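Can you read through this structure? Questions will come right after.
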Amino acid sequence: MGYSGFKVIKEALLGHKGWTPAWRDPEPKAHYDVVIIGGGGHGLATAHYLAKVYGVRNVAVIEKGWIGGGNVGRNTTIIRSNYLLDGNEPFYEFSLKLWEGLEQDLNYNAMVSQRGIMNLIHSDAQRDAFIRRGNAMILNGADAEYLDEAQVRAEYPFLNFDDARFPIKGGLAQRRGGTVRHDAVAWGYARSADQHGVDIIQNCEVTGFRIEGGKCLGVETSKGFIGAGKVASCVAGSSGRLMAKANMRLPIESHVLQAFVSEGLKPVLPGVITFGAGHFYVSQSNKGGLVFGGDLDGYNSYAQRGNLPVVEDVCEGGMAIMPMIGRARLLRMWGGIMDMSMDGSPIIDRTHIDGLYFNGGWCYGGFKATPASGYVYAHLLANDAPHPTATAYRFNRFQTGDMIDEKGMGNQPNLH
Amino acid sequence: MFVHDLTPITALGGATPQVETVGTVTLSENPGLALASVMARVGFETECTKHLADLLDGDAPGPGKCRLHDPEAAFWMGPDQWMVGAPYDTHETLVGDLKTRFENTASVTEQSDAWVCFDLRGAKMEAVMELCCNLNIRAMQTGDAQRTSIHHLGCFVLRRDPEDGVRILGPRSSAGSLHHALKTAMVSANLL
Amino acid sequence: MTQINRVSGGQIDRSATFKFKFDGKSYTGHPGDTLASALLANNVRLMGRSFKYHRPRGPLTAGSEEPNAIVELGEGARKEPNTRATTAELFDGLVANSQNRWPSLAFDAMAINDRFSNFLTAGFYYKTFMWPAAFWEKLYEPIIRKAAGLGSLSMQEDPDVYDKGFRHCDLLIVGAGPAGLMAALTAARSGQQIILADEDFAFGGRLISETFSVDDAPALDWVKAAIAELSSCPNVRLMPRTTVIGAFDHGIYGAVERITDHLRNAPAGTPRQILWRIYAKQTLLTAGATERPIAFDNNDRPGIMLAGAMRAYVNRFGAAPAKRVAIFTNNDDGHRTAADLHAKGVKIASVIDTRPDAPKSYDYEVLSGAQVVNTMGRLGLTFAEVKLADGTMRTVECGALGVSGGWNPNVHLTCHQRGRPTWNTDLAAFVPGGTLPPGMRVAGAAQGIFSTQGAMQSGAQIAADMLGTQAAPSPTTEDAPTSQTPFWYVEGCSRAWLDQQNDVTVKDVKLSHQEGFRSVEHLKRYTTLGMATDQGKTSNIGGLAIMAELAGKAIPEVGTTIFRPPYTPTAIGALAGRMRGKDFHPTRLTPSHYWAKEQGAVFVEVGNWLRAQWFPRPGETHWRESVDREVRQTRASVGVCDCTTLGKIDVQGTDAATFLNKIYCNGFAKLAVGKTRYGLMLREDGIAMDDGTAGRLAEDHFVVTTTTANAVKVYQHMEFLRQCLCPDMDVQLISTTEGWAQYAVAGPNSRKLLQKIVDPEFDISNDGFPFMACANITVCGGLRARLFRISFSGELAFEIAVPSRYGDALMRRLMAEGEEFDVTPYGTEALGVMRIEKGHAAGNELNGTTTALNLGMGRMVSKAKDSIGSKLSERDGLNRADALMQIGIKPVDANDKITAGGHLMAKDGPVDAAHDQGYVTSAAFSPSLDSMIGLGFLKNGSTRVGEKMRLVSPVTNLTVDVEIVSHHFVDPEGDRVRA
Amino acid sequence: MIINHPLLGPRDSAEFVYLGDASLIDRPDPETATPEDWHAYAYLRDNVAGDMRELWFHEGGDRSWLVVTRNTLTHEISKVEMARDVARAQGRSK
């Protein structure tokens, strides 16, 4: 069923009797061409593009719980493509372009809002690094804008310019960056994939892989064995746990990242702001809540909850840069589990097991990457060759020494 | 002996130490300490501890403890590591004397000027410390010495005689920030 | 205006009268009132508007679970949005305003939404506003954003201060109601350390809102006696106005104590709130229960509130919700409300009880098996429409309607570590589940024990169990059975509200189910049920029950949404405490800081350090003038720079040299005593980590310096090697960064200057103290000092260190003695210029992705020994033929600008990422070359010296022709440093 | 979280700096190790959902490295050892 303003009005007048489920609730078939493990944003996007772009429709997405229950429903909803390295920037710019056409592609309003993102600069070294990054973005066809202190002040007069421990010296803006209604991304992709024939199977947990003679034949699940031509892991956050069932050790650790939302407030923040001298980034949702976050808790965890020190650390950053939020109240906090990779960049690749594919290691870049991740993963699954924008996301880069390390932190995941 | 003509300043930058009183609590900057760390050489842990015990004529302090004693005192810094304190007028000789005493059983390092020392005293001292660090200050006994963090600054807190006094050793370069943190806590504790 | 709804009794202090304002209108109240109780006393029912439909709203509750009566409290910079009138303690001069309405609360233009509610159902926005694409940001979204939100921020800096503190206890008791007080009385006798916290300003919980007696005396007397006894116990800390907001790992609880919110003017400097981190060995949750409503058509009008809340207003606050009140209940609790109100002289219009066998009353009419099916009244309730047992309809006139759908235990804290509550069929409610946070137990109503007597007994008994002591004897009091028959909503044809703040109705839940959003998390996210500032404390269960019914499942099968911290919304200022403004991070000052300030130095933040950036002299108007002069003077004669900020680590022990051999990629074993050597540290992954020097003061004693930025990281790394990789190495480490004031004395006359202060017995001539020498010396007549002959500037240079407290005096002495040489102090800018001129790598080059090879030090990585990172640095990807190499860059036209962050492209040919050849890491104007110069990395750069290229920086609109040169711009042969 | 330090007793985890899996103690023998060994040591992790042995540095305390056995699902800590003792027990020396 198509969604539109007219449809909404029609249904309103007819008492909303005509709305049907956004996706079916099918029982799994015995065999699919592709079984995607993980009904999060990336898994559902992969299904959508597999079916719609690559014409592979005999596809199942199997989800342990309810779709969209992982990080796609737990993030701070920011989209951007302000990356430095050649291995990353083209991919994230591709993603941003897909965001820009998402509603029309999905016939679902995920409220992609290109309200702009601003990275604040607090030191000369930071300025040098951001200028290098801004240039890399432009050279890769993305947009970037360098602002001096006066220009930042003109846009965000309420930031702490005059009593700052680390004064604001400028900013790097990406006007095409912004936010998206995160849950709607999962629902929109699910609805579209479903309409293209994909089976979305919820409450179905993968208990193991059936691997014979070095080939993956399918997955054992809580709803029985499901055969598959190709099995695609797409469970960032739980990659370690899942791939262990295939006896794989990964260059990945699972860490908890907390996110926060304030009570609803009348509009104060036009765009997204990232504090460069503390752990704090913030935007304001369309409902009025300040949505903000900071750094990882820092220790391995699968617990989807964090602890107080990081909550305080983030709020300290918030008060340092936006001292007028002192009387705004933190309403809710939650934790998501990140696949923290060894160089801070993702992995989208075949595994050494024939027919078993992997997509993970998203660190906290996952949400903004959702469309491109699905697209290039679909490309890899359909063609057995990496998409041009994702050629660097290989397992073997750590063996060859071709790390993609934006932050320059090395093989310590909790620092990325 | 030492006739050099350079005038020292205190950690807070003054010619004389600062003393502040808020309500019942007094905070005094104390420049009167010479300090040296003593770290046992591998294989000589026992001998080193023995030397330290002799120096303090008593036991060498164990984990979380300090030995309050004159002229030299010491507190535990880490496994086989102690900080020895003595009156400041020994600062030129302290390290040398310790090296002679400990011989090859320990590595001795000058620490006198690495730290700012504050003495915090008064009836509401515990209330002040509660606002500063996560030590269970009310449970600490005289002779307890813990490292803790005060407003992101790594400090040693020594619970001293009399009962209402603690000595706080913090990083010298941040003396001003530490002083500010302690003072604001004193003001709050006094109003609560 | 008089308080026409005041009734007798209650715990307000009638001897004092407070004046306060709501929406500009003046009212009076008494100490002990909340804003809501005072407004009700003044016959004000309308206190807010709902989020979506802007429906008129009054208080639903008398506590922190309030969804409706939320206001902007205070004015100016102290304005506090979204404050619950039901918990805001009244004080004289309080000013509050309604929010989310325009132009006024009574006439809200946005209420138009209510007319269109049929179009604005759950999730409608996902289905429209999609065409044309560009219109979303331009048209639709701005309208939606403007309409959204509740209260508004003042946009001024919060003028109040907040503290954070730490407390430790053996038992933390959360909630000072009947169970909590009994638990505390029991625990107090154990002599262990006890904290009793309650979010309310008065202890007692339900006891102070009820009329029943305890041990044949008014409950309030018992509460007072209990508090008196507890106050007299030195081991008990009572914390009223303290909300325990979260249960975190291993018994750490967050609690916010409100210090001044209820005071008109607190003494200056008093913290507004304190965030306590409570370390509790054990915790007893006695947080009571929250009453739940029944959904029926138009159940959201001002005047409709929970029956238990009505009792609180009448019994505790002496404020009747209206003159004429009706009750709608499915349990005996509603009848208790009717009786209490009746006793206070409030007219009970009738009690509508869904049960056919409802208890009778002689005082007022009881309608058994009846239901409220609709209500009327534009800005406040006027009539309730009742469907009687026989199906006939009846209109009941009333200004308030008390609704009682039973009670839900406050299980929130038990869920903070993702434990799920379990369904109790007798109570038709969720009770604390099997997996509580370790160390936590639950008693009283929070555990589902709803009788007061039972709650008191359980509180005492469980506290006794936890502490291994005797339970305090429980008094005899109300002990009614507390089974609850579930009754969630009245089938209707209009809208019945579940989440009153977010305007989620029964219809929305049905639509959610119809569209396949059936898991409880989907329901919540699709309809926004329970996402409002009250976190669904009164609404989640109703939505859940209806979804269960639609899905034909039992409620527990549908599941429950996990309650997350904080228990109630918490001021961000309180969570930040003192770490804001200039106190955000501690500030580190160098030993010469006070002197530099006297000189009028300009300072810059370098990590937590403040360093002198340059020293302007009279007449110098632009920073470049000062910096250029500092460079010229230093290179021409002598300059002094405070380099204390460099990390210093004392490395001692018989294995010290072996240890450094492992830490540095180049060799240190053979370094002679009295010599210093440059060292490069790699991470285990083969990337450069840090660089610095190590001076050997004795066979078994080195002094290692690190960069300012990496001092802490390098120390950790060394301890890791010492303790985890080489546990038997005889090496001892300690930081001495703070202990020594260290100054670089650089320039052709640096030796002459130093000779004036170094004591004569020390020979610092070029033969006596050659390049890279180091020694313990004395200065100024015997002060112990350390001298290193090392150079960052490329000049003949020394670094001299004295104990920190003498640093100030030494700097003054160097300046005085240096006058004859026209000595200059120089700051970080000149330091940077000179190191770029010399081609020394610094932070911009050691950026965490560069190798020794990139830095032009590939040959330094010794193959003769094992060192951290040497093996992985051999990987192909780090040793490609076209690897980036450090180079120097000069504009072809000396007047052109060079910018760090610019990228290097072939002189002609396309400018894009595909043709990127390298980038500029550092740039500065070089007074020595009278041109801008830069350092950078270029593919295969070492072989491309002399090549002309294009430097592009589109983000700063710069394109410059540049020449690739050696990165040693000044004195490439190093003659000066050896002079 | 609270880490029960073998020498100092219960200490807030905020005083510590986290490194990662305790397998980082098992640095390959430079004489015999293959590139694969180095790759596995530096980059591959078990990342267990359950009891994990991990390295914490007591930055704000006695500067000891600790090996903490902690459950990554519940955060429960079942064992805390001095890393130096662990390293010796695993045969590391100089």
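By written order: A, B, C and D. Residues from 1 in each chain.
The rule we apply is simple: contacts are C-beta pairs under 8 Å (C-beta built on N, C-alpha and C of every residue); 3 or more make two chains touch, one makes a residue touch a chain.
Composition by chain, UniProt nomenclature: D = Sarcosine oxidase subunit delta.
Here the structure is a predicted model, which is why all the values come from computation and not from measurement.
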Any chain touching subunit B and subunit D at once appears in the list C
Per the centroid of Cα atoms for each chain, what is the distance between subunit C and subunit D, given in Å? 28
Gap in Å, rounded to a whole number, between the CA centres of subunit C and subunit B: 32
Could you work out how far the Cα centre of subunit A sits from that of subunit C, in whole Å? 22
Where does subunit B touch two or more other chains at once, residue-wise? 81, 134
List, in ascending order, every residue of subunit D touching at least 2 other chains. 1, 12, 14, 19, 35, 42, 59, 63-64, 74-75, 82, 84
Shared-contact residues (touching 2 or more other chains) in subunit A: 303, 307, 399, 411
When you draw the chains as points and link the ones that touch, which shape shows up: line, ring, star, complete, or other? other
Going by the contact rule at the top, pick out the subunit D residues touching subunit C in the complex. 1-2, 12, 17, 19, 24-25, 27-28, 30, 33, 35, 38, 42, 55, 57, 59, 63-65, 74-77, 82-85, 87-88, 92-94
Subunit B touches which residues of subunit C in the complex? 161, 163-168, 259, 267, 269-271, 274, 277, 279, 578-579, 583, 585-590, 593-594, 608-609, 644, 650, 652-655, 700-701, 728-732, 734-740, 778-784, 802-806, 808-810, 813
Subunit D to subunit A touching residues, read off their complex: 1, 12-14, 18-21, 35-36, 39-40, 42-49, 52, 54, 70, 72-75
Show me the residue ranges of subunit B that touch subunit D in the complex, using the header's touch definition. 63-64, 76-79, 81, 134, 146-149, 154
For a test of understanding, state which residues of subunit D touch subunit B in their complex under the given definition. 7-9, 12, 14-15, 59-64, 82, 84
